[in-house]
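In the two complexes that follow, chain A is the common piece, with chain B as its partner first and chain C second.
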Partner chain A sequence: MSALRLATIAETVFILVVMIDFFVLASSRLKAAIRAVAAQGALLALLPLLLAPQELHVLHVLALSLGALLVKGIAIPWMLGWAMREASVSREVEPVVGYVPSLVLGGLGVMLAFAFSATLPLPTPERHPYLVATSLSTVWTGMLLVVSRKKAVSQVLGFLVLENGVFVFGLLLSDFMPWMVEAGVLLDLFAAVFVMGIVIFHIHRTFSSMDTEKLSALRD
Partner chain B sequence: MLLVVLFPLLLGALAFALPSRRARPLLLLAGAVGHAAGVAWLFADPGEAIPGWLELDAPGKVVLATVSALFLASAAYAQRYLRLREDRENRVFVGGLLVLLAALSVVALSQHLGLLWVAIEVTTLTTAPLIYFDRDARSLEAAWKYLLVCSLGVALALLGTFFLALASAAPGGPRSLVLRELVAAGPALSRPWVRAAFVFLLVGYGTKMGLAPLHSWKPDAYGEAPGLLGALLSGGVTSAAFLALARVLQVCGAAGEGDFSRQALLVMGLLSMALACVFIVGQRDYKRMLAYSSVEHMGILAVGLGVGGAAGAGAFFHALNNGLVKGVLFLAAGSIHRSYGTKRVDEVRGALRRLPLSGPLFLAGFFAVTGAPPFGPFFSELAILQGAFGSGHAVAGALFLAFTAVIFVGMGSIVLGVVQGDPEGCPERPGQADGWGNAAPPLALLAASLVLGLWLPPSLRDLFAAASATVGGRP
Partner chain C sequence: MSHDLARAGLQLALLAVVPPLLPGIVSRVKARVAGRKGPPLLQLYSDLARLCRKGEVKSTTAGAAFHLGPVVAAAGALAAGLLVPGPGSPALLAFRGDLFLLAGLLAAGRFCTVLSALDTGSAFEGMGAAREVTFASLAEPALFLCLLTLSRATGELSLSAMLGPALGPAWALWAPALLLCAVALFVVALAENSRIPVDDPTTHLELTMIHEVMVLDHSGPDLALVLYGAAVKLYVFGALLARLLLGGGGQGLLGGSLSLLVGLALFAIAVGLVESTMARLRLARVPQLLVGAGVLSLFAFVLLVR
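And then the complex of A and B:
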C-alpha cells in the first residue's frame, strides 16, 4: 500500500477515535460505553502499524500493536464487563454533569485541542496533522468522564479513555521509546484497572451500590 | 545495584506464595534488613551503573537512604502490629509492602524518565489495596479515592513525560528520555514543549506528592490507612514523588525554563503551607491532622526547590528529616489509635499516662515535625529560610515563617489535648498495652532525627549540596 493510502486510513482512525469520545460522553448505558471504549482500544492498536516510521523494527511495531490490542481492546473491557455484571448495574442514571453539557464541554475540548496543537508545532517532521489534537481531545474527554460520572465503572472508563489519549501521543515517540518502557506502561495500565476492578467489587459488596456518591463519609 | 530492587521483589513474591500468616511478617523484616544492608553497601561502593537506566546519584542517594531507614523501622513495628492483628489476612499487606520497597528503590535509582514513571505508578497500585487493610467502608472509600486521584494524576505525568520526549526530538536533540542526555542537550530541547511538559508533570507528580490543591486524597488515605502504611506513604512515597519533580526540574533548568518552573513550585509550595494552616487549626481527627502536616511539609519541599541554591540543599535535607519524623508520628499515632480505638481528638486524653512510651514519642515527634530545635527539621527549615532570604525571596520567607508558626500552634493544641490529662473515661481497647515492640522503632527514628540535628556529618552536608546542585538556582 502506498504511504498516501496509509495516511488516509490513519486519518479515518483518528476521526473515529474522536467520534468514540463523543459517543462515550453521550451514552448512559454502561455496556455500550464499555464496548465503545474496547473499540477505541482496538482502533488504537492499528495506529502503530499505520504510522510506523521506516527505521523502526518490525517486531517492535507488531509487539506494540498486539500489546495494545490485548490490554486495551480485550483484557480491560472484559474485566470491566465482569465488574459491571458482578455489581448488576447497567446505567449511569444521574451524572454530575448532564449528557448535553458534557457533549458541549467535549466539543469545546476538541476545539481547544486543535488550537493548542496549532500553536505548538511539532519539533519533529510532522507525522500526522491530527495526531496531537486527537490525543489531547481524548485526554480531555477522559478527564471529563472521571469527574462528571458517579458510577465507579464509568470513572474507570474515563481513566481508560484518558490513557488512550496518552497512548496516541506516545506514537509520536515510538521510534526512540525503549520497548521496556512501553511494556511497563501497558502493564501498569492493566494492573491499574485490575486493582480498580477489585475495589469496585468491594464497593459493591460493602454499599450494595457502585455509586461513588455513597463514598462520602470522609470529609473535613 | 539491582540487588536492592530484586531482593525485596523476590521476598514479596515469596510472601504471596507463603501459606503461613504468622511467618509472613518475618519476610517483611528480612526484606527491610537486606535492603538496608544493600543500601549501605551501595553507599560504600556504588558499583557499576546500568547506563541509561539505573545509577546512584546524589538526589537518588538521599531518597534511597530515607526510604530504607523508614522501611526498616516500619518493618520492625509491623512485627508486633501484625501479631496483634492476626485476625486479618496479611498476604496482600506484606507482599504489597515489599513490592512497594522495590518500586521505591527503582524510583531512587532511575535515570530514565519513562522507567521513573512506571515505578511511580507501581507505588500507587501496590499501596492502594493496603489502605483497605481494615476492611471497612471508610478505608474502602479512602482506597478508592487514592487509587483514582493518583492514577489520574500520574496519567497526566505520563503525558508530560511524552511531551518532554517530544521536546528532545527537536533538531539536535538527543531523542531520548535519559536524564543525563536531556540535561546535556539543554537548549537544544524544544522550549515550548518543555514548558508544557513541566505543567503536566507538576500536576501529575504534584498529585502524588500531595501538594495543594491536588492533595484531596491525602487526609482520607492517611486517616484510614494503618499507621505503619501512613508512615511509608508520607515519608517514602511522597519523597519518591519529590525526587521525580526534582529530576524534571533538572531538565527544565537545563533547557532554560528553570525560572518559570521554580516560580510555579514556589507558588504551589506556599499554597500547600497556607492550606495546611487552614485545615490543621480546628482539626478533630489526629491522623487527618498528620495528613495536613504532610501537605505542609511537601509545601516546604516545593518551596525549597523553588528557591533553589542553598534552600535546595535544605530541601533535600528536609526530605530526609521529614521521612524520619513522619515515621515517628505515624507509628506513635497508630499505637494511640489502637489503644483508644478512636481517632477523634475529643475522645482521646491522657496518652502520656496510658501509653508511657508511645505518648511521649508522639509529643516529641510533634516538636520535631514543627521545627523545634534541636531536631533535624529545625535545621533543614532554617536552611530553606536562609536560602529564601539570602536570594531575595523575602516575601516567601516571611510567609513561610508565618505559616509554620500558625501550624505549630494549631498542631500543638491538638497534640497536647491528646497526650495530657486523665485517660479515665476514654474508650479503651483491651490487649493493646504499650510495649517496646511498637515503641522502639519510632524511638530509633526520633534518635536519628535528633542526631541529624545535633551533628550533621560533613559527608551528608556535601551530599545535600551535590543533590541541590543538580536542580540549580542561585547559590
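And then the complex of A and C:
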C-alpha cells in the first residue's frame, strides 16, 4: 500500500478517535461508554502500524500495537464491565457538569487543540498533522470526564481516555523509547485500573452506592 | 435560450410536484419494516386534494395571524427550494451569500407557524410553540456550521456553486470533514422536519408532540398548505443532502434530474429506516442530540481551517 493511502487511513482513525471522545462525553449509559472506550483503544492499536516509518524494527511496532490492543481494547474494558455488573450500576444519572455543557466544553477543547497544535514546538517532526491535536483533545476529554462525573466507573473511564491521549502523544516519541518503557506504562495503567476496581468495590460496599461525593462526608 | 427555459421549467415542476412523494416513501418504508403493507405511495396527493375541497373551522379566539403560519411556511419552503440546485448546476435563484437566505426563509416560515399557533389562544399550542423554538435555536447553529464548512471547503458562498462543480475537488481533499458535515446535516434535517428521534409526526398524544401540536387547529385548505409546506421542507433538506453526498449531481438535464430523484428517494428511505429502528428521544435528550450535531460540524469546520 502506498504511503498516501496509509496517511488517509490514519486520518480516518484520528477523526474516529475524536468522535469517540464526543460520544463518551455525551453518553449516560455506562455500557455504551465502556464499549466506546474499548473501541477507541482498539483503534489506537492500529496507529503504530499505520504510522511506522519504513526503517523501524517490526518487532517493536508489533509489540506496541498488540500490547495496546490487549490492554486497552480487551482487558481493561472487560474489568470495567465486571465492576459495573458487580456494583450493579448501568447509567450515570446526574453528573456534576451536565451532558450538554460537557459536550460544548469538549467541542471547545477539540477546537483549540486543532487550532493551536500546529504552532507547538516539537522535538521531532510530526508523523501526521492530526497526531498532536488528537492527543491533546483526547487528554482534554479525559480530564473533563475525571473532573465532571460523580460515579467512580465514569471517572475510571475518564482516566482511560486520558491515558489513550497520552498513548497517542507517545507515538510521537516511539522511535526513541525502548518498548520496555511502553510496556511499563501499559502495566502501570493496568495496575491503576486494578486498584481502582478494588476502590470501586469498597466504595460500593461501604456506601451502597458509587457516588464519590459521599466520600467527602465524615463517617465512622 | 430555450434550453434555459426548459431547465427552469423542469426545476419548477420538480419542486412543485415531487415533495408530497417523500412522506409517502417514508411511511411506506416504515410500514414495510414493521411488516405491514402501508398506505399507497401517492397518499399525500389525495389527502391534499381532499383537504382543498373542504371548508374550514376556526377557533373563535383566532385573529389575523392565524392564516399567516401555513401560507408563509409553505411559501418560505418553496422559496428555499428555489435556492437549492435541482437538476443542472445553478439553481433558479443563485447569488453570493444565498445560504443565509435559505436559513432565513426557513426561519421565517417557522416564526409564522409559531405565531399562528400562539394566535389560536390554546395553551397546548403555546407549549408546542415553545418546544419548537427551543429546538430550532439549537438546530440553527448546527445548520449554519454545516453550510459554513461547505462554503469553506469549496471556497464558494452560493449554494448553487458550493453544491455544484466545486464539490468534486472538495471531496477529494476533505472527504472526512464533508462526511461529518453530511451526518450533522442529516440530524438537522430530522430535527427540522420533526422526524423521529426528535419528534414523531404520527403521534397524537398531545404531551409529546412538537410540530403536530402547533397545527392542530388548522383545517381544510390551511391544513393542506401546512402538510405541503412540510413536504417541501423535507424536499429542500433531501436535495441539499443528495447533492452533497452525490458530489454535485449528474450531467445534463436528464442525468441531473435522475440523480436528484435517486438521491431524494435514498434520503427518504434513510429517514424511514431511522424512524423504524429508533425510538423517540425524551424531550430532555433532544438538545443533547442537536448540540452533538453542532459539535460535529464545528469539528468538521476546524479540520478545514487548521
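Assume the second predicted complex is superposed on the first by the 212 of 220 C-alpha atoms of A that agree within 3 Å, B and C clash if a C-alpha of one lies under 4 Å from a C-alpha of the other, contacts with A are read in each partner's own complex, and residues count from 1 in each chain.
Simple rule for what comes next: a residue touches a chain if its C-beta (ideal position, glycine included) is under 8 Å from a C-beta of that chain, and two chains touch if they have at least 3 such contacts.
If you're wondering where the values come from, they're calculated on a predicted model, not measured in any experiment.
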Fit-or-clash call for chain B and chain C when the two complexes are aligned on chain A: fit
First, second, both or neither for A:Ala32, with chain B first and chain C second: neither
First, second, both or neither for A:Leu46, with chain B first and chain C second: neither
First (chain B), second (chain C), both or neither touched by A:Ile9: neither
Contacts of A:Ile74 with chain B and chain C, given as first, second, both or neither: neither
Partner chain(s) touched by A:Val97 [first = chain B, second = chain C, both, neither]: neither
Contacts of A:Phe169 with chain B and chain C, given as first, second, both or neither: first
Partner chain(s) touched by A:Val185 [first = chain B, second = chain C, both, neither]: first
Which of chain B and chain C A:Ala115 touches, first, second, both or neither: second
Three-chain overlay, closest Cα atoms of chain B and chain C, distance in Å: 20
Of chain B, residues touching chain A in the complex: 112, 114-115, 117-118, 121-122, 124-125, 128-129, 132, 136-138, 140-145, 147-148, 151-152, 155-156, 158-159, 162-163, 165-167, 169-171, 173, 175-177, 190, 192-193, 196, 219-220, 223-224, 279, 283, 288
Touching residues (chain side chain A, partner chain C) in the complex: 11-12, 15, 18-19, 22, 26, 99-100, 103-104, 106-107, 110-111, 114-115, 117-118, 129, 133
Chain A-facing residues of chain C, complex: 176, 180, 287-288, 291-292, 294-296, 298-299, 302-303, 305-306
Parts of chain A lying in touch with chain B, wherever the complex brings them together: 120, 122-124, 139, 142-143, 146, 152, 155, 159, 162-163, 165-166, 169-170, 172-173, 175-178, 180-181, 184-185, 188, 191-192, 195-196, 198-199, 202-203, 206-207, 212, 215-218, 220
